[in-house]
Amino acid sequence: MKMASNSSVLPKPLQGIIPPMITPLLDRETLDVAGLERLIEHILGGGVHGLFILGTTGEAPSLSYRLRHELIDRACEQVNGRVPVLVGITDTCFTESINIANKARDAGAQAVVLAPPYYFPAGQAELLEYIEHLMSELPLPLFLYNMPSLTKAVFEPQTVRAAADIDGIVGLKDSSGNMVYFHQLQSLLKNHPDFALLIGREELLAETVLLGGHGGVSGGANFYPKLYVDLYNAACARDLPRIETLHEKVMQISSAIYHVGRYESSYLKGLKCTLSCLGVCSDFLAEPFHRFRSTERDVIRRHLEELGIVKKQ
Amino acid sequence: MKMASNSSVLPKPLQGIIPPMITPLLDRETLDVAGLERLIEHILGGGVHGLFILGTTGEAPSLSYRLRHELIDRACEQVNGRVPVLVGITDTCFTESINIANKARDAGAQAVVLAPPYYFPAGQAELLEYIEHLMSELPLPLFLYNMPSLTKAVFEPQTVRAAADIDGIVGLKDSSGNMVYFHQLQSLLKNHPDFALLIGREELLAETVLLGGHGGVSGGANFYPKLYVDLYNAACARDLPRIETLHEKVMQISSAIYHVGRYESSYLKGLKCTLSCLGVCSDFLAEPFHRFRSTERDVIRRHLEELGIVKKQ
Amino acid sequence: MKMASNSSVLPKPLQGIIPPMITPLLDRETLDVAGLERLIEHILGGGVHGLFILGTTGEAPSLSYRLRHELIDRACEQVNGRVPVLVGITDTCFTESINIANKARDAGAQAVVLAPPYYFPAGQAELLEYIEHLMSELPLPLFLYNMPSLTKAVFEPQTVRAAADIDGIVGLKDSSGNMVYFHQLQSLLKNHPDFALLIGREELLAETVLLGGHGGVSGGANFYPKLYVDLYNAACARDLPRIETLHEKVMQISSAIYHVGRYESSYLKGLKCTLSCLGVCSDFLAEPFHRFRSTERDVIRRHLEELGIVKKQ
Amino acid sequence: MKMASNSSVLPKPLQGIIPPMITPLLDRETLDVAGLERLIEHILGGGVHGLFILGTTGEAPSLSYRLRHELIDRACEQVNGRVPVLVGITDTCFTESINIANKARDAGAQAVVLAPPYYFPAGQAELLEYIEHLMSELPLPLFLYNMPSLTKAVFEPQTVRAAADIDGIVGLKDSSGNMVYFHQLQSLLKNHPDFALLIGREELLAETVLLGGHGGVSGGANFYPKLYVDLYNAACARDLPRIETLHEKVMQISSAIYHVGRYESSYLKGLKCTLSCLGVCSDFLAEPFHRFRSTERDVIRRHLEELGIVKKQ
């Protein structure tokens, strides 16, 4: 089984749509196992190019290590080498990051993904030294993950430039929403064609690919994977009229699904609620969040009907 | 003379490159009059579609009202109706904004530009009421100016949506650097084809125009107007290979010219230093900033040589 | 008349309660002249040690220069030398700061007060150079004003330390709310006994004076000057039981009056509404703010009754 | 042994100096066991009223769970019931918080301490619900820990007010540095005399106790416990001349020891370096930080000599 799943090889650079998978839960410590299987098939059915588990969208920091290990095993087994699996190992503790990475390697994942330690904000020199130490113990290729709103520290362009020369660091996912930063990285790394530059915010996928970026880690691909794959392909083909139509759909989803309710957790709640409305998996959220109550769920369902994602009842 | 300058009509929507002009100064209270004339001819010679004076790049908040009035007169006279002139009226005091707007109208400008009052941060309802009050007294069409890093308040998408229905509000310039926000505006305003959406950060010009935005308020167009006009035209023509080349040049300028020195004022200092190196105008800055000293000036000059903007000595 | 008002001498260091006066307005461009006279008498009747006009509480940045000049004249005339008058000259433009300072000197004020220019954030070296330039043209002694939430720039302790050696800089008012910062200043300036260290937030007045600070610029002293004067005196006398009682009253006022409504402007609106409920002056606010509507006014009135500041109806 | 350590009873409210202990390390996964024993004796020798392990100062988020468990065991055994031991259980994962709390109970600790989950920022309603869920599973009394600069979320005053009514929540440690907030808590909780309000920043210890707070979680008490105990006692006795002297010493330590070097980690590095200079324990820091190099160490040593904390060589 592990053999089989190892049969997927990580492209250099990794390109396309690599959805950041939500983690289906029945309760605080129980995976929604059937939901997880349906979800992976739903996502892979859309033609995606990889799967990223245990990221921000996967609520990784809110999950116990036991649960994370179980998820890694089950996800790798279900994917079974059809696409590369990337596993988030971001942690405030160095050793725990290594532990998850080893688990990911054992389960047959192809790469790991790391944002800066998120309790103490490190300086750039500290961050680079930390990555160097980590790389000497990591069993899999590494993607950096820039997520300053949640981790406090930015991977500044010159730090990424230096990291790109470290053996085993193969790309970066940027979720800052700052396209000036992303273009700075593209410009600085133009002589590193194998270093993947992936965009987190799906609203920025079109321009990312049009201007030479390698793809997107698009949350909406949890429930509508084909849309983001189609947009990626249209952007590769530089088919601007088609890009315009698909990008507008992406923007409508963003407005309709990710901004219901009062809190910053709207994105996560909207995603899980949508998957529940579609019958894919449970919408239980890990603490400190809780699923939408019926008022918000009704809003989401109505929006999904208007978007043509679920049929009107 | 005023007649002549009034001959320029404001297109609906305003499109193209509208450089945010720096303000050439000899000292704290003295315009560099000859420099100003050369600068305007230099910019207009690049084929730009408008001129925006007294914005952030124009150091407007640091200039006395006397100096601002003199600049409005001289700039409008020099432009003489060849392109629309937009005048910044952002102020913490309502009445002073109106005063500058009246001066702009008298001098023959075509429109005014307003960011939120920047001392006290207003809520969205307060901001909308403020704009409504202002519009009832403004003598010229208004562009909103989103610049949250300096004004604290954002013009949130729903506020812009409401403002776009107010007679006389004709567009928005976004300098937030947040393209998700910009795409939200585009999506919300898709039924307002006459409402101009312009991007402030020149690093985002390519994608703005490719995805349906109307143009850019590009600081680099002070010294290299043709580059931004060419990029705008290439983006209108959807000529992606050419866009890629020009966009990379824009990124190189951004890295080389706007990030010298330790302070947030690097952008302003780099712009004025460049224009001084080119012999266009003085590099004196209004308080609390000061021109680059010779070390930084030498760095800028070297970068300009490497970029082919000034000849090697 | 000017002679008379010049008869007040600025103590070295300035000590006690120096209320930051609100600016009574009838409309956007009209002082509530009768209200202003009543307000000054109301404040001075409480035994305060100075009067600070045109600060943040005075909505200075929202007032036209014409209005500010009128206020300076009228306030100085009304005070008539009974206590020192301090005039805010904070501005984004160097020349306008000097202009207001000259006006203040002509009207008989004793000192001026300056926060950093608040549009462009200056670095510390830039800020110190800016102050040095300003001091060479200022006609009156200067108090620095630390207000980072609204001006972006902090006067860092080492900058204040350097400024304290410049002739004519006589103190600092800190409205950061950061007592660690305040204690750092006290420690750094312990050999400058003539340099006044005043606290802006009235909730911190007790500890400021107990631990060696010189007094407070307490907003609540607009309507209840005696409370803050009493607390200041109790703290000078180190009468801890009395301090405790008065400090608790200060905290109740803060909770009850400054946090009604949804916006950051609650403090200003609460202050003006209270003075209107007391019959002292109008509650009109300068743009972009507007007076409390009747719902919030009723809450304020009820709280004032509970606090025993107005009689129950 | 566990019996013995359980013999310490948690006072209601907890009062005095409860140092946030650093975690002595030999390397990333090895406690400095001998150093830990010396450190605990050094701290307890100063007369402190409790010991808080695995807080921010203890680098808890950077330590593996294995290491945290070992520390809990060893610290409780060494303290052996002489003072209450408080154990930090802050975590992004609910279950892991419970696991550490259970470990703390088994080892004989008297209470646990919890800051908000620090990856996803929760809203106040979410935070309160999270605490309620947690309390139903916690085996020990709980102190809330307000640390917004590192956890993003604040425990807002009304949330604390509600939490204080939950059985088992016995106090709050505030490390925000915002004394207005602290006074708001004191005012809101004046009818909860058993709810301990402790201050994190040692620069604010004097005023905290003078104005009715219960004590401090003072980092400097790792190396100079007697100073903070003396200051606490002087403040209880309202001996203002003595408070002034001791408070000034606290400020000197803060300036001299916690602000060496360029990074936000200066406080942690300064503390550990000082303990190493004193021969108490190793100065190894957990990733992503690293101990001071010899330049900074020399600065610290010189400052310690000037402060009279180590003898001049």
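Chains: A, B, C and D, in written order; residue numbering restarts at 1 for each.
Please note the rule applied: a contact is a pair of C-beta atoms (placed from the backbone, for glycine too) under 8 Å apart; a residue touches a chain by one contact, two chains touch by 3 or more.
The structure displayed is predicted, hence computed values, not measured ones.
Shared touching chains for chain B and chain D?
Looking at chain D and chain B together, the chains touching each of them are A, C.
Which chain maximises the distance between its CA centroid and that of chain D?
Ranked by distance of C-alpha centres from chain D, the top chain is B.
Please tell me the distance, in whole Å, between the geometric centres of chain A and chain D computed from their C-alpha atoms.
The mean C-alpha positions of chain A and chain D differ by 36 Å.
Can you give the whole-Å distance between the Cα centres of chain A and chain C?
Chain centroid spacing, chain A to chain C, equals 50 Å.
Would you give the residues of chain C that are in contact with at least 2 other chains, written as numbers and ranges?
none
Looking at the complex, which residues from chain D come into contact with chain A?
Of all residues in chain D, those touching chain A are 28-29, 56, 59, 61-67, 92-96, 116-123, 126-127, 129-130, 133, 150, 262-265, 268, 286-290.
Going by the contact rule set out above, which residues of chain C touch chain D in the complex?
Touch list, chain C to chain D: 177-180, 183-184, 186-188, 190, 201, 203-204, 206-207, 210-212, 238, 240, 243-244, 247-248, 251-252, 254-255.
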